[in-house]
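What follows is a pair of complexes built around subunit A, which joins subunit B in one and subunit C in the other.
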Partner chain A sequence: MNHSVPARKVRVATCSLAGCFGCHMSFLDMDEAIVPLIETIEFDRSPLTDIKTVSQCDIGLVEGGLCNEENREVLHQFRQHCTYLVAVGACAINGGVPAMRNHFSLQECLEESYLNGIGVVDAQIPSDPELPALLPKVTPLQTEVKIDFFLPGCPPPAAAFLELIQAVLENREPQLNYTIRRFD
Partner chain B sequence: MFQLDGNPIAFSKGDSILQAAHKAGYYIPHLCFHPDFKAHGSCRLCVVDVKGKTVSACTQPAEDKLEVYSDTAELRQSRLRLIQLLFAEGNHYCPSCEVSGNCQLQALAYDLGMTHYHYDPFSPLRQQDGSHSQLFIDQDRCIQCDLCGRASQEQDLKSVYLLAGRGQDTHLAFRSHNGQLGSTNASMDDRAAHICPVGCILPKAGNYPDIAGERLYDKIPIHTQGNHRRDEGGQDEP
Partner chain C sequence: MARRVAIDPVSRVEGHGKVTLMVDDDNHITEARLHIVEFRGFEKFIQGRPYWELPLVVQRLCGICPVSHHLAAAKAIDQIAGVDQLTEAALALRKLMHFAQVLQSHALHFFHLASPDLLFGFDSDTAKRNIVAVINHHQALALHGVKIRKFGQQVIEAISGKRIHGIAAVPGGMNQPLTAEKIRPFQQQVGDIIDWCDDTVQTVKNLYLRNRPFHDNFGTAPAAFMSLVGPQDQLELYDGELKVVDPEGKTTHRHPCPQYHTLLKEQVKSWSYMKFPFLSNLEPETGWYRVGPLARLNTCSHIDTPKAEQRRQEYINTLGTPVQAPLAYHWSRMIEALHCAEAIKKLLENPALLSDDLLNQGNKRREGVGIIEAPRGTLIHHYRINDDDQVTMANLIVSTTNNNQAMNESIRKVANEHLDGKTLTPELLNLVEVAIRAYDPCLSCATHAAGRMPLELELRESDGKRLQSLLRNSDGNLVHAD
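Let's turn to the complex of A and B:
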């Protein structure tokens, strides 16, 4: 196969905030299509590289919504360093399943999980200062920073990731056709 | 005859623009309209341009020689924003919804190219109702189309379901002494129990019957197959 190699590789950072890493799994679920990507993209901060800080990137893929202060901090770092910031998956776009806690107060959620839940032993609400403070509500990324592109889906299909990368390589907006524009 | 996006459309006396267009095989996006019930005109998705005005096609009577425009860039954008408002106004979590793939709200969002809400989510707190033995009410997904209310009143002759409240307090209510569905004479056999275009009125048993990829709107967009439910196909010709 003959692939056009860009002058410079597209640098991609990824992270999962209030997500389940399902979007990352879907990104990797592209079978042999992942092989030619080696020639066109390289990874910056990502669970795939274990690099802990984000540097200047072309694409930032952010999975999950915002549920704690660390999520907000990471999101702002990504916004600062990424030319195109992409909200990846249902949770990044509308809060998703974690946002179903918005029906309850944070205190009610903590009490249900750590004090009154079934099978709880040595009941206490975690208060270690190392733990990021939880936000009162889970919110989507667009409520905090400007988002350039959205990949809907739970998770978005691998083809949607491929189209996004191809679009950035070709300097155009991604076009998600009907079969890869899913909300579930 | 009138013109819809330049196509001649025949109509019978009393037809709305939407009814005439659908009979002629042209789909105009809609959620609150159903051919079996009186038009409601509330979802506004069927907006069309007539004589320089934007009107709802389900309530606007067809007239001879009218020039009607539906498939314009401006109206497609208006409809996208309307769908995004509906998503932002409720709590619509498609991944955990029983009717995902068979949902008309979701199908229209797919068809109109929606990828995100555009608006910040309103995240309303709404009361759920599991009091009925066979039906569950998930108010988070209600789009207040009143199709259940019209079906209950016009066909079931029960008036079980209704919209109550005003403005942002508008909500689906049930006519009973304690306001619960379980205290009404609502039945699974009612038409109203099989009319909801979204996942608000649900049977308690037998959900998730289709695997992903084989649901109503997984492959065929709503503009080619029309507004349907799994249990109520063929009612609404596109």
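Let's turn to the complex of A and C:
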């Protein structure tokens, strides 16, 4: 296989759905390795750029599960535009901490925050049409679309992201060895 | 007829959101609404969980400042465990971890998210306004940023086992000490970190002063400020009392943390999942305030590390006090980063870091309030438990929520000055984002809660009918979505 610099940069889009941004931060935890990395990849839509909609990409990294209609829309856009769609982290793979709300009804959760909270005035459940409809349950990504790769961990270590990108560059399967395959 | 303009989504801030501008017949913006569109429901779903899980679960509300949530929850459950005073070793470890966290978060915000605006200009090419361009065009500066952040993350990892979502604080203390081997490399690096932070303060100062009248006025809507302060009124990030100064800088409150609920109330609005806190002696419209680095440098009387204090004096002498300009957040943020680096250096010399006297015990209580100064401002965690040690009530007021109304006021100010007739322009979209970004909002925390903030502008009539919409697509061009 040819390991030389590819003729074309690998285009990467990232987004955070019902996640905490920890997976994105872990990606940045590659530290100085970002300097050589940007020789081989370019960013599409990502919280790090001002690009707002996803275009045709090689890799889509999605952090977080699905908690509202907008999350679903964004996920479908990613699926449509990304050759390899990657579920990044415990929330994307299993729902994670946000899915703890599945033990209660959505209504109970909303009432606790906006009606019963300490020192709350004008108690009401936010209902403006600008707010996307919340899903009754928080669900993992693969309930909605086909996922090509899973990066486990909360968050997955920076080395796992680098291995994934390297594998796509080299057109091979990613190898997550024991040290970078985390289940916390 | 009144109209609405919406901007969605806002990029390069940590979180999700959307902005609507309400426009009257004279093209005057009557209200700006930063919508927080996600909801997590933490206050409910944490109920029934054992209280000692709190620091581990709650940090997963935010991967950008997880240590702040970890420690605010830890402070609350110390009280539940009946511990009012930590051992010297536990306190030193927690403070070290916290300084490292504020340092890495401030570095992330400046270098990775905000510096592209300041270095390339608010109206520069979109394709250029990101960290990749900073690396390509200002590599030395970018690398300092990357290394400052790395240093903070490594200190956190040394204490908690992981850079993000580690395990360190337990009720009444900490779970393990540091070792001399772990500390040594930090002692060797910290001098450079201090120098780079000091250089960055100079960079931010120069950028601010390059166009001072514009920066002074940009999004400036005078307000009160709140933060913790130490016993000598010094800048304090881990503990202390709540202090509020009015828009003129006069102290109006010094308030004990456990009674935060008599100081603050929160208003709910139909159009956002983020509540609107205000000072309870005032009304929601008049009682809003600001938190974060800008607030902290306005409430404190000094900083107890020499270089940061020198930089603080220079800042106050240049801008006057209290500083109201949102864009001065960037300058104050880097002064704090310098303070954190200096404080880390001092703490690394503390032999208590190696002690295994890490735990105190006491008599169980039913309630605890933990308040800390997170990178973005005052962070409040409040819990109650039952006889079975299960959480029965949780109330969080996170830093960004404290700035909710302030962000809306700044957006309104900027939009009023730059909305040209009733036509949406790319310039306006950029400027609104710059104003929001100054606050370094973490919408991930804010709704316990939210994520992405990509941006679309919408013009709406008061009945909600969309007239016009503007969106930036993936090649950086703006397109009309309708």
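Assume the second predicted complex is superposed on the first by the 179 of 184 C-alpha atoms of A that agree within 3 Å, B and C clash if a C-alpha of one lies under 4 Å from a C-alpha of the other, contacts with A are read in each partner's own complex, and residues count from 1 in each chain.
Everything that follows uses one rule, which is that a residue touches a chain if its C-beta (ideal position, glycine included) is under 8 Å from a C-beta of that chain, and two chains touch if they have at least 3 such contacts.
Please read all numbers here as calculations on a predicted model, not as lab measurements.
A.B. asks: Return first, second, both or neither, reflecting whether A:Met100 touches subunit B, subunit C, both chains, or no partner chain.
C.D. replies: Both partners, subunit B and subunit C.
A.B. asks: I'd like to know which partner A:Thr143 touches here: subunit B for first, subunit C for second, both or neither.
C.D. replies: A:Thr143 contacts subunit B only, not subunit C.
A.B. asks: Classify the contacts of A:Val10 with the two partner chains as first (subunit B alone), second (subunit C alone), both, or neither.
C.D. replies: neither
A.B. asks: Look at the residues of subunit A and decide whether subunit B or subunit C touches more of them.
C.D. replies: Counting contacted residues of subunit A, the larger count belongs to C.
A.B. asks: After the superposition on A, what does A:Cys154 contact: first (subunit B), second (subunit C), both or neither?
C.D. replies: both
A.B. asks: Does subunit B (first) or subunit C (second) touch A:Leu135, or do both, or does neither?
C.D. replies: neither
A.B. asks: One more residue to check, A:Leu162. First (subunit B), second (subunit C), both or neither?
C.D. replies: In the superposed model, A:Leu162 contacts neither subunit B nor subunit C.
A.B. asks: Examine A:Tyr178 and indicate which partner it touches, taking first as subunit B and second as subunit C; both and neither are also allowed.
C.D. replies: Only subunit B is touched by A:Tyr178; subunit C is not.
A.B. asks: Overlap of the subunit B and subunit C footprints on subunit A, residue-wise?
C.D. replies: After superposing on chain A, subunit A residues 96-97, 100, 103, 154, 184 contact both subunit B and subunit C.
A.B. asks: Could you pull out which subunit A residues touch subunit B in their complex?
C.D. replies: 87, 90, 93-97, 99-100, 102-103, 137, 139-140, 142-143, 147, 149-152, 154, 176, 178-179, 181-184
A.B. asks: Going by the contact rule at the top, pick out the subunit C residues touching subunit A in the complex.
C.D. replies: Per the stated touch rule, the residues are 6, 9, 11-16, 18, 20, 33, 35, 37-41, 43-48, 57, 60-64, 66, 108, 112-113, 126, 129-132, 135-136, 139, 143, 146-147, 149-150, 153, 162-165, 261, 264-273, 275, 280, 284, 382, 395, 433, 444, 451-456, 464, 471-476.
A.B. asks: Over in the complex, which subunit A residues touch subunit C? Could you list them?
C.D. replies: 15-26, 28-29, 31-32, 34-35, 38, 42-45, 47-55, 63-64, 67-68, 70, 74, 96-98, 100-101, 103-104, 106, 108-114, 117-124, 126-132, 134, 154-155, 184
A.B. asks: What residues of subunit B sit close enough to touch subunit A in their complex?
C.D. replies: Touch list, subunit B to subunit A: 87, 91-97, 100-101, 106, 109-111, 113-117, 120-121, 123, 125, 212, 219, 221.
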